[in-house]
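Here chain A shows up in two complexes: once beside chain B, once beside chain C.
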Partner chain A sequence: MASANTATSTPALSFPRPIFAAISPHSFLQAHLSNPTAPNKAFRANGRSAHEFRTPGIKTGALTHCHGSAVVRVGNTSVVCGVRGEILRAEDIADPPSSTPDTGNEVHEDGGDDELDSLRLLVPNLELNTGSTPSNIPGSAPSSTAQTLITRIRSLLLSTRILRARDLRIVYTPPPATPDEVPDRQVKAYWTLYVDIMFISLDGNAFDSAWLAVLAALRDTRLPKAFFDQEMETILCSDIPSEAAPLKLRGCPVASTFAVFDGWKDGDATEGTEDWVLSDPDAFEEGVCQESVCVVVDCVGGRGSGQEQIRRIEKSGGGVVGREEMRGLVKRSVDRWTICEGVLKGVGSA
Partner chain B sequence: MNSDRRRINAPAGGTSAPVFARTLKEPGHLQSLRPLRARAPDELRNIFVQTGVVPSASGSAYLEVPSAPSSVAASSLIPPSSSLKISCSVQGPKPLPRSAPFSPSLLLTTTIKFAPFASRTRRGYIRDSVERDLGVHLETALRGVIIGERWPKSGVEVIVTVIEGDEDAWWGEGITGANGAGNGSRWGLLNVLAGCITVSSAAIADAGIDCVDLVSGGVAAMVRNPRDKGGVIRVLDPCPSEHEEILAGCVVGYLAARDEVTEVWMKGDLGSSLEELVEGATHAAVGSLSVLKEVLLESVEGKLKGQAGGLQRRTTQQDVEMVG
Partner chain C sequence: MTLLAVLSHLNRADGSATYTHNGYAIIGAVNGPIEVQRRDEMPEEATVEVNIRLAVGIGSPKERHLESLVHNTLRSIILTRSIPRTLVQITLQVTSLPEEEAASGVDSACTLLPHLLHTALLALLSASIPLSTALTSVVIAVPASASSKAGTTMLSPTAKELLRAKPIRATHVFAFSGNRKLLLSQSMGVFAYDEWGEACEMAEDVCCRDEGGVGLGEDMEVKGGQGNLEEWLRSVVQKKVEMEQRWRVAT
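Moving on, here comes the complex of A and B:
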């Protein structure tokens, strides 16, 4: 045992790694990150470098009862997301939208998505209490963490305008009474998308993996062709697979979360404080870090292809990341986007 | 409609699952899609078990009964039959809170929750009576196996998430009830419970909790023989959507080495075939046990190799020194 020998020869105290990590997580991580011999080769406790993300793995279409589903594994975090469409009839809506913006032409393609929010056609929900971590035990109401997560996911779904309301409308054109009459298109019903996210295992960075799972499941979603049947006066669907249509998503926003680790001042003024911005923190690092930044970028679907767009920045818990650091983080997020986009590319193209 | 302020709620008007036109307009359409049992009466479906899926838990396992490849699947969006997918994580044993009264043995808590997308009708996030009932059945099955006296004053949580469950009958039969198959007897629950017993057994073994034996679950059912009308045959590991009429079903938690049964749950009109049914279920349990044993052996071998590798790595990896 090499470590035992060094412990006797030098007065420094040496612990096995798990014990060191448990009793003093902050200095454990700092000891890892500040490698005085080779500063460029410093690694985190999980063996990644500060800028390194975990590689995502995605499998779609595994769930029978969903219109779209995805299983995402990011390191030790695994998430199952299922998208299920149900029909909301127009007569069940208490306060229907006044206009019917679906005129069928492309001019209105970018407008008229208010229904998604006002009619609550998107119902995302998330469950952490599946024994995914030792503290997430079922039987309790959703924790504030879970509520925050799902609110963030819902607002990101709406603010990125990733879904088009026209994909969710079920339009009926009645046969014209006279040959000259212009048919009056009516929105008879809407698809409501239930997006359910179950965490099987959680090891940090719940938001990124949940969002990736939602994105993959939405890309995998194929809604059956629905129509208003005049004879039965109800909405029916066709069960022919070739008539089912995928959702046309706007762009591909990918979230990247960073955690800021404040190095301790060693007391001597020469060294000062040192901070590390860690990409894709795991559960241990999340417990140590106070400040966190979440950047959502998209490099397609914008004005020009290949042009990166920042769709959202969320930052909380401290003041280390300033304007210059943020520039670097956006760059790292764009690199992350390329990787995730490559993994997502295979999804939904079939 | 009750609203849950901690979750995102559905539109207030309520939504309905899509209805396929051909199921209403062409009477024989659904029957033409019905999967048929291609297995012999005592042949089981393949199962896939993996341990260690939740690294932060003390023990965990995942079980899947892959759905048989079907030719009709490509011609319709109506899913032929679902495949059972269950994940289980074991948290503990850990000390009970100070406020809890003294317990001389391990306190076992079992929770079964279906995911919202686990079945044909969407399920809620709050546990319903069916899930609570299944949880009690699972607890009975596991309690007889764990040697609880070795952990006084501690508790263990067995948390089972059903990602996808077996259906109760073929499509539409729950509504029509024409031939008695969909008379509200939830046959799919038997398969779910058997899967839950098997997967929790694997997770408990993965957690290293002392047990007298490995428990495993098995199902048998009495069904009308499609070839000879009126005849009744016993099938192991029934898939409810494959059978037009299930007369009785039984699930057991079975300890093969001791030849003991910790849990029996029987449903339906049994007649005089009780012993035959229980015996069939134990045969099915022995089948899943053989998979379980192999998987656990593999995971133990993997762990031992990992430990040996870890020792070697430790000598090369520099120990981090504690400063300050």
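Moving on, here comes the complex of A and C:
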């Protein structure tokens, strides 16, 4: 005790960075963001500016037993996603859909995707690996965070209608009995896609990286050619790799998450408090911020007019972001879309 | 179809409310502030716990998602810092859903969410939990323009209307606080920013009391006197206060 007193000549309350961050995370982040000398050059605790996203890194095809897979790394968050197709036979469906199968033309391009939802042809699952995040207790049931994430991913997969039901149908055309008879096509089976997402490490922004991994894995997916064999009366898959077909995805929606950091309102705040909307929050910032906004945009659809389409806006937890702020966030999401789309494209050509 | 609210009818809970609207009926119960488990205790804030029970079947990840949305929204309006190291437990039991609900083709999370929020708020009011503001919430559906009504926006549609207007292009859920701040927005489908802004403005008109004194327009009258949500909320609270002040008023 005595030696400590003599050794320190600095003011009594001075902590090194990590201790300050642990004791008072809110004022730690605020001290970083409110830089009085250069207000527009303020940085967050992780060295990024408020509008800066982390650059994603994507590798596909890492898992050999999947039909498609991707590893996505965004800062310290890394996610693996594997897509595996399994065959669901039409005779095993208790209540088969009555809709007529597509006739092969492109007229029904936009309709008839109800099977994806009603037959549950998309089965996403999410797992937080042991040790991926301190709040994850191994061996227990999926936490409510994980369950929320998986609901959001499933709902986004369905509401963006990214997959076409015709890609997942296994259609059989019986040989015509008479030459001029129009053969009626029957759906003999469906591909069910099991989309498994695993977080190796989680440093904030779980949804964006998980979604990016799902997107990359689906783009990488090649399903073998499956056909109904009349003699054996069963579904067979061709083992010729060149016959495997990729999925045709509709558009390329990219999610961007923002966290809203509100400055302290109590205490000796004299001037108006300031709020910061932080792009791509990490785990520390997520712990401090209550309000979060997630915007999913897709610019593929309206490429000609340069008009972006919003696929989803999710905002909860506070009242800072209103209509005007949202305009700015949509703009930031569109910028993010350009970057992510570029990275996804680069993966495809490699 | 009018909004119906009964407050403080469960005598064992600290606060309770039953809310009925458009075929949805939800019972909400609030216990709090009560003792919190050591694991969930926060030194400077109250812990808010939301449990949602379905009308049929057991809970699924979908309910966890709804719970987290309701939790995040309520946490921002409950004065959690004034009751630190306590627990506010909110239980919402859905007792009935409209029959057409499953067939409407809209994510049930969207259509149910405003009702859950209203029920939770009423139950919190009934339990006299300190709140910074009230909230009102509404769902808006935009049918695909191919439909007969040429893409008219539907405000707080019933399940039947949704079924008739199928396919739906976009659905939005908005919640506004008493001071006209956007507390929650859940939008899905395909839309542009301007459409979202329009829907948001429309929701604000319904949710928040008109300051300018301009009428809400004819379509509101057609809706069967649903009127303004904040006014409705005020009338509910007024009734509650009158009820509690009976002993003073009675002579």
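Methods note: the second predicted complex is superposed on the first by the 320 of 350 C-alpha atoms of A that agree within 3 Å, B and C clash if a C-alpha of one lies under 4 Å from a C-alpha of the other, contacts with A are read in each partner's own complex, and residues count from 1 in each chain.
As a working rule, a contact is a pair of C-beta atoms (placed from the backbone, for glycine too) under 8 Å apart; a residue touches a chain by one contact, two chains touch by 3 or more.
Bear in mind that the values here come from a model prediction, so they are computed numbers and not experimental data.
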Touching partner for A:147 - first (chain B), second (chain C), both, neither: both
Contacts of A:66 with chain B and chain C, given as first, second, both or neither: first
First (chain B), second (chain C), both or neither touched by A:291: second
Chain B versus chain C as contact partner of A:339, first or second or both or neither: neither
Partner, of chain C and chain B, that touches more residues belonging to chain A: B
Which of chain B and chain C A:42 touches, first, second, both or neither: neither
Touching partner for A:171 - first (chain B), second (chain C), both, neither: neither
Touching partner for A:316 - first (chain B), second (chain C), both, neither: second
Contacts of A:326 with chain B and chain C, given as first, second, both or neither: second
Shared chain A contacts, counted only where both chain B and chain C touch the same residue: 142, 147, 150
Chain B partner contacts - residues on chain A that touch it in the complex: 1-3, 6, 12-15, 17, 20, 24, 27-28, 31-32, 62-66, 69, 76, 78, 80, 82, 84-89, 92-94, 119-121, 123-125, 127, 130-134, 137-139, 141-142, 147, 150, 154, 192, 194, 196, 198, 200-203, 224, 226, 229, 232, 234-241, 244, 264, 266, 283
Chain A - residues contacting chain C, complex: 142, 144-145, 147-148, 150-152, 155-156, 159, 290-291, 301, 307-323, 326-327, 330
Chain A-touching residues of chain B, taken from the complex the two chains share: 6-24, 53-57, 60, 62, 67, 74-79, 81-83, 85, 87-91, 94, 111, 113, 115-120, 122, 125, 127, 157, 159, 161, 163-164, 314-315, 319-324
In the complex with chain A, residue positions of chain C that touch it: 61-62, 64-65, 67-69, 72-73, 75-76, 107, 109, 177, 179, 181-193, 196-197, 200-201
